[in-house]
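I am attaching a structure below and will ask some questions about it afterwards.
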């Protein structure tokens, strides 16, 4: 079976800055893969390219062997890629349940006319949307808060909400941008468990994270970027001991410094 | 639609239908006809502004396009007013689509300007294309609506016609806001890019709601034309676009009920202020200012909040 | 009149119009830059400046120079008063609420002016004679040269102020993020007050210098606001050079449009150009789209 | 330097702090730890006045600042690295930094501010590279560096840091903690909120543990580091093996 | 009631209510304000003199803001809430056209103060107007031009109802007077610079320019002409009927020629001129009361309201009878001229109601 996501010679520049500078890597189905690298290495930019937020400067992105670069974000979502954001992006004025129901949008149909007339089939569909969304909310453990405004959630819960919303789109590939940044150790642990459960329901995961403890634990493969280029790729152990990765990213692992990561 | 809304809607329908029974005076009914016509526009505008978060400073142009298309077709080409109203919907909707497609790519003040410019261009055309529109002098003798042998002639007739349409529009709008589509619109308001990434075709929805709001305005315009039976460009200028936006905001931008309250207030208020002669402009401005300063979310939400606070204190 | 001098005349007309619009647009930019608000009462500041000057110099008969500065001062105070009365008390207002408030204020200013000065149109003598200057068969009024000069000075001042002074940067910071601004010790409320006073002052200046050409009455504000807003947007909100360039473009489009195509459609022609520019360049001519993405509205 | 007594803070009618008392001595590094939503951010924001509905006593250098607004408090020499960074997104990197020193322009020499700017660039070279870039387009980590850099530009006596290492690469995280100890050596007083509790405890002399708006535990950092409760709730062990 | 207990005071008879739809504010406030002042002045005077056959007069003024929608509502208020006997106004042509269907249906006499000929041509049963017809204004201008030997002209008109109607009349009658319109330009009511249009005119072979518009435009055109050093004579419409405009235009206004009722040249009228007395009285009273110059617009309201008052005096409070009375009124001496109404003519003035005036030293004099 081929890769679910294949990135080839991907390039992106903003005016003078080349944020992504010729990158190749693939993600295999049912894998948990991590993208790491120093700040400004281009990780988020790659996510933005995959999800269609930015047009690529050159190179291709294939999802299930189909070229998806150049497509609109919503079409990419329909095709089965969903994501979370580094700076949490929940719809603040909407309730938590509505946030998740919005994720269901691309899997449902009824349009303006049906909505205006409130047809029976529309109501039935709305009911299905609600049920599915509630399921996703309980999957991440937020079902108790479903009617609260999203802005009332604490940071960790907002992250969970983003994941529930992403799951509601029924993705095959989910992109998680720093899922545990700002979380305490026990919360990180919970998140890791959630990530495993997401994989168990058959979803492939590509994540970006700076918490090395977490990355080393969950990911099966790691791609390391620096200045928009891949400088290493392999199992966590391999990259962890790679000289280039240590100088560019991890730093000398004196005992003292090692403790500064969240473990 | 939520039950609460349905109940309010039924009560509203009951009350509006009963009003003329107790109120025969043609002046009051006439004012209420305008409340209805303005409500039609503001309900559409509140869907666009309050739900989808897109501003339009050119809504008077759609109102005018509806009025002129309807008026010209029925007066100069003998088309029945009903057909003319229908044709106006298509014409106005089509123009809204053509202008909306590029304009809705713009954001915030830029969108405001683009719609304002569009509205102004339409206004200039009303003034200049005198062979069709009668130019600045306008034209009259627009036929009235007719159902079989029944001619809509008096204020009462128009009152019922307009308010039945308002209630239909409300029903449609409430259905939309409580649907998948309404949710998508609100997500656009809250974060367009995020909505897009989550699978919402934001461009499509923005255009659809823009066209819908234009259609509401167009229907209102047709009603206006066949009610007043005379058209000249002045009611369809920039000034009225601003008044419409003001109605929506004063009522409370995020609710179709608010839009109606705003339309009612800003249509009826000037009537009361007539008594103050020249001072009316100062009083009007002050009331507007006070509402916005003390109830920045508009009357609908603002009054609710006040009531809630009162309740909590007790 | 030869075609050449006709063309030159259209150009002069366009420049006259353009400087008027540009001056109004500059006022929009100031408040926008420091608060993100589009102040639709900006046109009223222009009107008030013109009317106040006419009142002070032709009715109270103060000397021109005194009247000039006194009018600007009084209108700036009105701007400050407006901010204190209507903008200051608000907590976290939405942009649209603020826009409506500026509309309400413009109604009040207009009403006030109507009561103070009546409904007639007034004229103001030109600063230095009404004898037109002849250039190659075309004519330009000395007053236009005044407007050009004062506008140039204003633009230079604004560019310097917002680009290079700390206060200017602090004002822009307020528009960008009020919380952050107070976190670095900026007095946000004072900055907002200052920006209203400043834009009122610039609006008033515009009103004074255009009054000899365009005349002035209480009802003039709205139209000036609309033109100024168009020009500010075409130039790219917040860009002062953009405002000047866009002013000339709109002015010249109108005058050429009136001269060669149709005087009835001249405004429409200018607006169509505006729309086309926006559709191609959504941030206006000199506005930064990128920066725009981070603006609240 | 900072003494807080019975601080209660509210968001509307919701009470987020329920009587917090703590103190920070001059030149000390004190850390605050606690779960998500415990009220750490609320506490820091209350100190600088961003959360304005608050009662109790906040003494900074023996002056009660509970009635003051953020600007007045900042001017007394307090600086905050806020949660969520709070940058001036449409402004450039360098403009953000210069504005960080906003309240110093009256008293300090320009050259001094300039040299502090250079110091920030030495700490975060990437910011120098990107100095004319619009802050909003920086990567997440770069933005965090800018937020820290901007607060350093104020040359505060007391610096409040809300999760400064959030979103930063391990190498930079290390650096941030080095900077904190550097500032400490130079005599700056620091109140630190960190999810990276272990690192925070290692660098601070004392710490407070906050839960649902109350201080539930306080003591020397070393002791807390070995406290079973704290270890279980905030430090965890699970991944250590994997990483070491 | 209290009157029964106060035998020395006479119980007043029922009040006669007359409506007035005037654009007191808004873009045509310059029309509506003198009109409002005038009707208020007359109301006071009549009541001080004991009312109309003892009935007090109440004039209910509604501000139309010059807007069609508002005018319609205001008209309905006057008709069905206030139940007025007749309506004076509206001030503007457009708003008058908008209320015509309403008054026709409600069967209430309306005496418009607006210029457009379309108001009374074709005749509408319940609608009259007091300002001179704009066709007559155009004719008088052309007659004058012919005397001066002018045959090629340019016209420039404002895009308002008034300007638009004027443009139509100018074009309609040109050929009758062997006049060719070589340039036909327009401008918006809020425009502040017409040099572009005037440049075009300057480059043409026009021997005179007619500007047909309202307020500011009339002054700006004059000023712009001076800026462009244009030598051809400038004609304005009867919209120029306020001496303030001439003063505002300053030097640029000198030599402007326009058709106008005799109100503004009352000083130059012969003592035995039939209008002399009415004009002098109105002018003196108005100027004393309001401390500002009279304008012909206030005069239109004067004529309209006095027509109604006279009808009330003669036929009492009956809408139909008032209409009939006005329709058959002959020899009514007003400020606009001597009115002779008939079922075919609901304006009642001929072209001689106009005098050609010229601006000289900031004043209006009869043009020679």
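Note that the chains take the letters A, B, C, D and E in the order they are written out, and that residue 1 is the start of every chain.
Everything that follows uses one rule, which is that contacts are C-beta pairs under 8 Å (C-beta built on N, C-alpha and C of every residue); 3 or more make two chains touch, one makes a residue touch a chain.
In this text, all values refer to a predicted model and were calculated from it rather than measured experimentally.
Trainee: Given the touch definition stated above, what is the smallest step count connecting subunit A to subunit E?
Mentor: Each step joins two touching chains, and the minimum needed here is 2.
Trainee: List every chain that touches both subunit B and subunit E.
Mentor: Touching subunit B and subunit E alike, sorted by label: C.
Trainee: State the pair with the higher C-beta contact count; candidates are A-D and A-B.
Mentor: A-D is joined by more C-beta pairs in contact.
Trainee: Using mean CA coordinates as chain centres, what's the gap between subunit D and subunit E in Å?
Mentor: 75
Trainee: Can you compute the centre-to-centre distance for subunit A and subunit C, using the mean CA position of each chain? Integer Å is fine.
Mentor: 47
Trainee: Counting in whole Å, what is the centre-to-centre distance of subunit C and subunit E, each centre being its mean C-alpha position?
Mentor: Result: the chain centres lie 36 Å from each other.
Trainee: Could you please state the distance in Å, as a whole number, between where the Cα atoms of subunit B are centred and where those of subunit D are centred?
Mentor: Using C-alpha averages as centres, the distance is 50 Å.
Trainee: Please set out, as single numbers or ranges, the residues of subunit C touching at least two other chains.
Mentor: Within subunit C, residues 114, 264, 267, 292, 295 contact more than one other chain.
Trainee: Give the residues of subunit D touching no fewer than two other chains, as numbers and ranges.
Mentor: Residues 137 of subunit D touch two or more partner chains.
Trainee: Can you list the residues of subunit B that touch 2 or more other chains?
Mentor: Where subunit B meets two or more other chains at a single residue, that happens at 127-128, 278, 281.
Trainee: Output every touching chain pair, sorted by label.
Mentor: A-B, A-D, B-C, B-E, C-D, C-E
Trainee: For the complex, give me every residue of subunit D touching subunit A.
Mentor: For this pair, the touching residues of subunit D are 35-37, 84, 126, 130, 133, 137-142, 144-145, 163, 165-174, 177, 195-199, 202, 233-236, 238-240, 242-244.
Trainee: Where on subunit B does subunit A make contact in their complex?
Mentor: Subunit B residues touching subunit A: 1, 172, 175-176, 179-184, 186-187, 189-191, 193-202, 208, 212.
Trainee: Inside the complex, what are the residues of subunit C that reach subunit B?
Mentor: Contacts found on subunit C: 32, 38, 40, 86, 89-90, 93-97, 99-101, 103-105, 107-108, 110-112, 114-115, 222, 226, 229-230, 233, 237, 262, 264-265, 267-268, 271-272, 274-275, 278-279, 282-284, 292, 295-297.
Trainee: Could you pull out which subunit B residues touch subunit C in their complex?
Mentor: For this pair, the touching residues of subunit B are 49, 55, 102-103, 105-110, 112-114, 116-118, 120-121, 124-125, 127-128, 238-239, 242, 245-246, 249-250, 253, 278, 281-282, 284-286, 288-289, 292-293, 296-297.
Trainee: Using the touch definition from the top, list the residues of subunit E that touch subunit C in their complex.
Mentor: Touch residues, subunit E against subunit C: 25-27, 29-30, 33, 159, 185-188, 190, 192-193, 195-197, 199-200, 202-203, 215-216, 219-220, 223, 226-229, 244-245, 248-252.
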